[in-house]
Each structure stands twice: as structure tokens, then as C-alpha cells.
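To keep things simple, chains are lettered A, B and C as they appear, and every chain counts its residues starting from 1.
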Amino acid sequence: MTDLILDGLSVTRGARTLLHPLSARIGAGEIVAVVGPNGAGKSTLLRAIAQLVPIGGRAHFGAAALPALSPHHRARLVGYLPQSHQVAWPMPVREMVKLGFYAYGAAGSGAAGSADIDAMLALCDISHLADRSVEALSGGELAMAALARVLVARSPLLLLDEPVAALDIGRQYQLLERLAALAGQGRTLLIVLHDLGLVSQFASRILWLGDGHLVADTPCNAAAIDTHAGPLMGRTPQWTPDGTLYFQR
Amino acid sequence: MTSSIRLAVILLAMIALLALASLSTGPTGFDPAIWQAAMGRTDPAARIILTELRLPRTLAALLVGFALGLSGAALQGLTRNPLAEPGVLGVSACATLGATLMLYFGIAAASPLGVAGGAIAGALLATAVLAAFAHRLTGVATLILVGVGLSSFAGALMALLLNFAPNPFSLSDLVNWSLGSVANRSLHDLAYALPPVLLGTLVILRARSALTLLSIGDLAALAHGLDYRRTRLLIIVGTGLAVGAAVALAGAVGFVGIVAPHLVRPWVRHDPGRALIPAAMLGAAMLLVADLMVRLLPTGTELRLGVVAALVGAPLFMLIAWRRGVSAHD
Amino acid sequence: MTRRCASTLAALALAGCSSTSPPSPPVPLQGVVSLDYCADQMVLGLVPRADIRGISPEADSDASFSTPRARGIARVRPSLEEIAALRPRYAVRMYGGAPGIDRQLAALGITVIQLNFATKLADIAPELQRVGAALDAAPHAARLRQDFLAKVAAAQRTVPNRPPSLLYITPGDVTTGPDSLVGEVIRAAGFRPIRKETGWGSIPVEAMVRRPPDAALRAFFDSPRYRQDRWSSSAHPRLQQLLAGVPAATVPGSALGCGNWLAGDAIAALTRLRQNIDTPS
């Protein structure tokens, strides 16, 4: 059980500041939604924590300072799912998912690794696609395969950039339920989500980003959403009697 | 795993058979009687012919094909581009430039070491340039164009340098280098080519899992723990050594590096890391076939190896490019 | 394009000199220029030094014949402007200069003497005579001709019934059959070329491992000019080992490079070689 500690985390590229110094402390088992308009720095935040861009300030996961770790060691702690997916070669889905074990050396080729792959394929509802070439997948199916790849290594910290964007509504709910179950096992999730409705149903906490700044860090409840959704999203949130969030046309 | 072993066994058998055929072929054509003569010890000339004339040629074709197939697969893995290979990307041309520089400035004189050194240096320079570009580019065509630029530049420099040489036949020498051949090699020449190819192979193999990981894109690969700098360095050094040694031994033979990995990939589930050794072995087999054709085709003077390789390889290259243009991604 | 402009300008200039300026008489054309390696040999062999205006830069790569004779003589690249600037009377060429340079030179009033590469031994003497006459050097040509024919005659005096086999080897990757000029030189000296087929072809290394030749003629090994093919079979260690035990004659490239009277040197060298072989060992 370890906490993610961000202390003055910032990202600059040349003269531009993509992410202004940001501090937060996220405990194990939390599901944190990262919310904000386009260009707010949500993807940048995730990349910064994953050490995919040079950072200012500090980022610790438990006792480990993330920038100081070797790529392998860091990859074992932090799982990162990018926003877009590509596979250069038409390999079978199973082989692509197995790449999640890269940082573990030969672990993926054993029976245990194989079982993990099967489990994650099932979690993402793509078991039937295991032997199909990635070239033949639809956008949503490829996104699920990529997610399975990130999940297979059981990293304690998961950074997911819009994991459900390409899915239909039913699948979105199903997947988020399963991801929430992972959090229940003690893993920490930071998820970039555009749909505040989903956020309101699954997240325990919301990081509101605007223009590269951390505008607010709130628990996930109606009051917080009422306060921040309007100014950031430009639309007033509305609630149905049974507590479902929607935005008026 | 058994499928990999099966593939390796099949390829090994192919190579053994082709090597046997190559050793049984002389200037007059297929001549299996030489084996009897050599075994029977009645004809001392037969043993000399086999070991000093035919064996170096066969081994050279094997070694060069191996090096080119391996380098092609490695470059394709690094650049994520099925059209990448040492010839097309200008690595062979730069290696030839290095070798020719050594020869014409008298540094090599007769020693194969200088020629190999020059060729390897030229190849390393080219692979370094390509690797620098590969990181920034996502497009298929642009990398090929960089390679064409490298090739043209190297070719122009070679022509310039040969202009200074007091030799009216220097242009034909340039053509010889550019077309490639394994005729008239000796075991002495092979001794200088073998270590760099072996070393290059070992270096490239260290990056095999990284090459597979690169399939999912730079960002995702980095996230899963890829050390891109190290991978790139391993591929640069490895292909530079292997291609440089191959060119120093046989000149610039093209297209083996594209065709061998392409044919092998469906059998290794399109895993670029797993494709490395099978592509190398298939490259060896292909060049053995090409050298057999060179000797068996009824032409007046021997056809150059690179000519046969290009006759088969270039249309295949265009076919692959065409298919890629038709499919969704680029 | 620039050559055309230059030749037009040169023609105009020369024409202008002679027609539009009556006071100064036209400068007479004088002397001889050679345009390539083979022309250099012919010119240096036939023409007195004082009359040679310029020879081609290729003379510097022929250490055995042209270079020593060409010391102190200007080098001229075989381009129209450079040759025209010297105003020679004769320009001798076999292959030098761009195509069409002979017409361009002729248009300037320079007599172009085109050399022919002799393909038969019998062509050498008449060619020498023709060129000698064209260059006003008939007596000298006659002397060289006599010398050449004497060497041939000397070789013919002792032609054996069964000529020994001879490998003709150069830095290149080929050897000749009996029908080329070199083939005829070999046969005139009483040898039989190891290659039986006509024309030029690969050196039959495997056949020679089985049965080495009785003798060898090495040519063109005297200058880096002739280094042609790094992977020539002539460089193969086994072949060199084989030939180490075979009696050989060596001639410089100048002897056989141009199909002229210098081939007599090759015949003389081969005659000596055969005498060495024939004397009881």
C-alpha cells in the first residue's frame, strides 16, 4: 500500500509551461478522475507521472522517487495507457498483450503469465479476439487490447488516458466497474475521463484541470461537480431525480 | 516454442542442401563427381578445388546473406517499416564508399582489414544518420527518401574519388562494387568478415525484445520500460558491423534485406524480434540460390550477384510498397 | 553545350584572325599533340621531341614507355580549347577526347590522325607505316617496323611441334583465347593459350589446379593504372601459389595495351621464355 505524492510537479517545453506546479497526494485504492477541457493538460499530467516527459518538482510512489528509477523498475510500478493506439505489425492480439510483461523479462512466457493474459483479455471482453491479428480489430477492440496489455503486469499504479472513449455506453459502464474492482484490490487509478456522468458514478476523487493549472482537487460528489463543472466545461450540470448527471442542450 | 524450432530446422536444412549444391558446382556447371574424387583421394586437385576455391565462395554467400537478412530485419524492426533494408536505406552505399576510400588512398593496399574497417565505418555513419531520423519520423516514405539521399551522396562521392584515381577502368570497378559478387573469395578474406558479422549478430540480438516492443509505438513502448537510446545504439552498432563486413567481402548486394524478413514474418507471427535469426538464415539461403543461378545461367561472362538479387528483389519491393499503400495505415 | 559554344567561338576567333584583320598574317599550325595513352606512345615513338607540342596526362601512368620519354613535355588535356590553344598541325588520337572532337579539330584546320587498334598481328606493321607517313616520320617508322618484324621472325624460327600451354594473366579477371591480338602474340611466340574458346573469358582456375599451365605471361602488373577488379581471380591465393612454380615472362602494360609495335617486346620476352623452357632442365 503506497501513496502517490506529487509535489510541485510541472512540465515545460521550451518557453511554454504545459503544466504549472501541481501538488496532490493520492492513496492506494483511490479512483481519481482527471477532468478538464481540451488542452487543459490532462494527458500531460499522466505522462509526467509516468516519466515520459521531463518534469520539474517531485513525484514519489511510496518511497521511490519516480525520476530516479530505471525504465524497467519504473514500468513495473506504473502502468500507462496512451490516448491513441497503433501496432506496426499485424501480430496476434495475445502477442501484443504479452508485451505488457516487457519489464519483467521472461515472466510473460510462463504458464502464470499466460493465465494473467487470459484473465485480462476476459476483463476487457476480448477473449474471443486472442488469436486475431491486431490489424483486423476495430478502434474500440484495439483500445481494449491495449488496456489488457497495460493491465496484465499488475502494476500498483495505473494511469489511463481516456480508456473508454471508443466504446459504446454499455461497455463503458462494464469496463469501469471492473476497473473499480481493481482499485478495490489496492491499486491506484488515475483516469482521464470526458464524461462527467461516468465520473460521478465511478470516481472517488476529481482533479479539475484548466489551462495547465490544477483548478481544484475535490472528492467526487454533486456539490463539487456543481461548483466546478460549469466554469470549466462551459455548461451547467443538471441532475435527474435518481442522481444521474446530465448537461442541458 | 516448437514452431520456432521447426522453422529453424527447416531453414537449416535448406541452407545445408544449398551449400552442398554450391560446393558441387564448378565453372562448367553442376559437377557432383568432385565429391567422389575428393573422398577417394585419387585426385589431390579435387580437394584443393573444394576447400580453397568452392568452399570460400559458398561460405561467403552464406555469411553475406546472413548478415544482410539479419540487418534488414533489425532495421525494419527499429524503423517499423517493412521497406527498410541496408541497400535501400543507403547503408550499403556508404559502406562501399568507406571501402573504396581505403583502397584508393592506399591505406588498405592488399590487406582486407583496412577495407573491412573502412566499410564498417561507412556503414556505422549511415545507420547513425538513419536512426536519428527514425526517431522523429512516423512516415514510411520519408525514411526511404533519407536513404535515397544517403545512397546518392555516397555514390557521388565515390565517383568523385575515383575520378582522382589514375585508372581509366575505375568506373568499372565502381560498378563491380555496386553489384556485388562472391566469386574468387579466399578463406583469408572470410577470416576478416566473420568476426564483425558474429559480433554484430550478438549485439543486434540483445535488442530483440525491444524491437518487438517498439511495435506498439514510441510512447507506449517507453511506458512499458523501453530504453530507446540503448536499443537504437545496439541496432546502429550491430547493423553497421554486419553490413560493413558483408559489403567489404562481397560488395553491395541489395534487396536480400527486404525480401528475407518479409517472407519470414508470417511464420513468426509478425514479431520483429523473433524474425531476426530466421530472416538471417533465409537471407543466407537466398544468396546461395542467387550464386548458384549466377554460375548455372548460360551467360558469356558470369552475371553479378547483385543483378540476380535485384531482378528478384526489386519487383518484390514494389509489390510490398503497393500493398502497403492499399492497406489502411501508413 | 559549353563545348559547342567554345568550338564556335574558337572557330570564329580563328576565322576572325585570318579574315577580318589583314595586317597580321595567320599563325601557322605547327607540331603534334596526342590525346590519349595510345596516341602518346605513337607520338613519343615516332616524332622528335622538338615537334611535340603536348601529350595527354595519361602518359604519366605508363612508367615503362611514355613517362621517361615525356619528361619536360607539356601535358594537355584532350579538350578542344586546350588543344586549339597550342595550334598544332597534327592531333593524334585513338580514343581520347569527347566524341566528335575529331570533327571539331578538323574544322579548326588541325589534321586528325586516327589510330586503329590492331586486332591481328599482321595489322601492326601496315598501321605503323601509315601513321609514320601521315606524321612525316616515315624513316623512323620504318626502323621501328623493321625491329618489330625481326622479333616476330626470330620467334617463328623455332616454333615447336607441340606448343606448350601458356596462361595470359593480368590484374583483370579474364584471359584470352587464341584469336585476339594477345592470342596471336602468344601463338607467334610458339605457345598455346590455355583458354581454348575464342574471345576473352574467366581464368579457368579449377582446370589449372588440375593441370597447371607450362608457362605464364604476366602483363599490366606494373602500374596501379591497371588495377581493375579487387576480386579478380588473378589475385586468388591458390592461383598465385600455383603460378609461383611456373616459368613466367613479365611485360609492362605498355607492350600490349595499344596493339602497336611494342607488342614485339612481348614476343621477344616470350621467345626468351620458351628458350628457357626448352633448354634441358
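Simple rule for what comes next: a residue touches a chain if its C-beta (ideal position, glycine included) is under 8 Å from a C-beta of that chain, and two chains touch if they have at least 3 such contacts.
Fair warning: this is a prediction, and the values are worked out from it, not measured in the lab.
Asks: When you take the mean of every protein CA atom shown, which chain's own CA mean is nearest to it?
Replies: B
Asks: Centre to centre, using CA atoms, which chain is the farthest one from chain B?
Replies: Of all the other chains, the one whose centre lies farthest from chain B is A.
Asks: Cα centroid separation between chain B and chain C, in whole Å?
Replies: Between these chains, centre-to-centre, one finds 41 Å.
Asks: Can you give the whole-Å distance between the Cα centres of chain A and chain C?
Replies: Measuring from centre to centre gives 82 Å for this pair.
Asks: Distance-wise, how many Å sit between the C-alpha centres of chain A and chain B, to the nearest whole number?
Replies: 44
Asks: If I count partner chains per residue in chain C, which residues reach a count of at least 2?
Replies: Residues of chain C touching two or more partner chains: there are none.
Asks: Within the complex, which stretch of chain A touches chain B?
Replies: Per the touch definition, chain A meets chain B at residues 47, 50, 52, 71-72, 74-76, 78-80, 82, 85-92, 95-96, 99-100, 102-103, 133, 135, 146, 149-150.
Asks: Which residues, counting only chain B, touch chain C once they are in their complex?
Replies: 26-27, 43, 45, 48-49, 52-53, 103, 115, 165-169, 172-173, 176-177, 181, 183-186, 188, 251, 300-302
Asks: Could you please specify the touching residues of chain B with respect to chain A in the complex?
Replies: Residue positions touching the partner: 80, 209, 212-217, 219-220, 222-227, 265, 269-272, 327-329.
Asks: Okay, in this complex, where on chain C does chain B touch?
Replies: 37, 58, 60-61, 173-174, 199, 201-202, 204-207, 209-210, 224-233, 235-238
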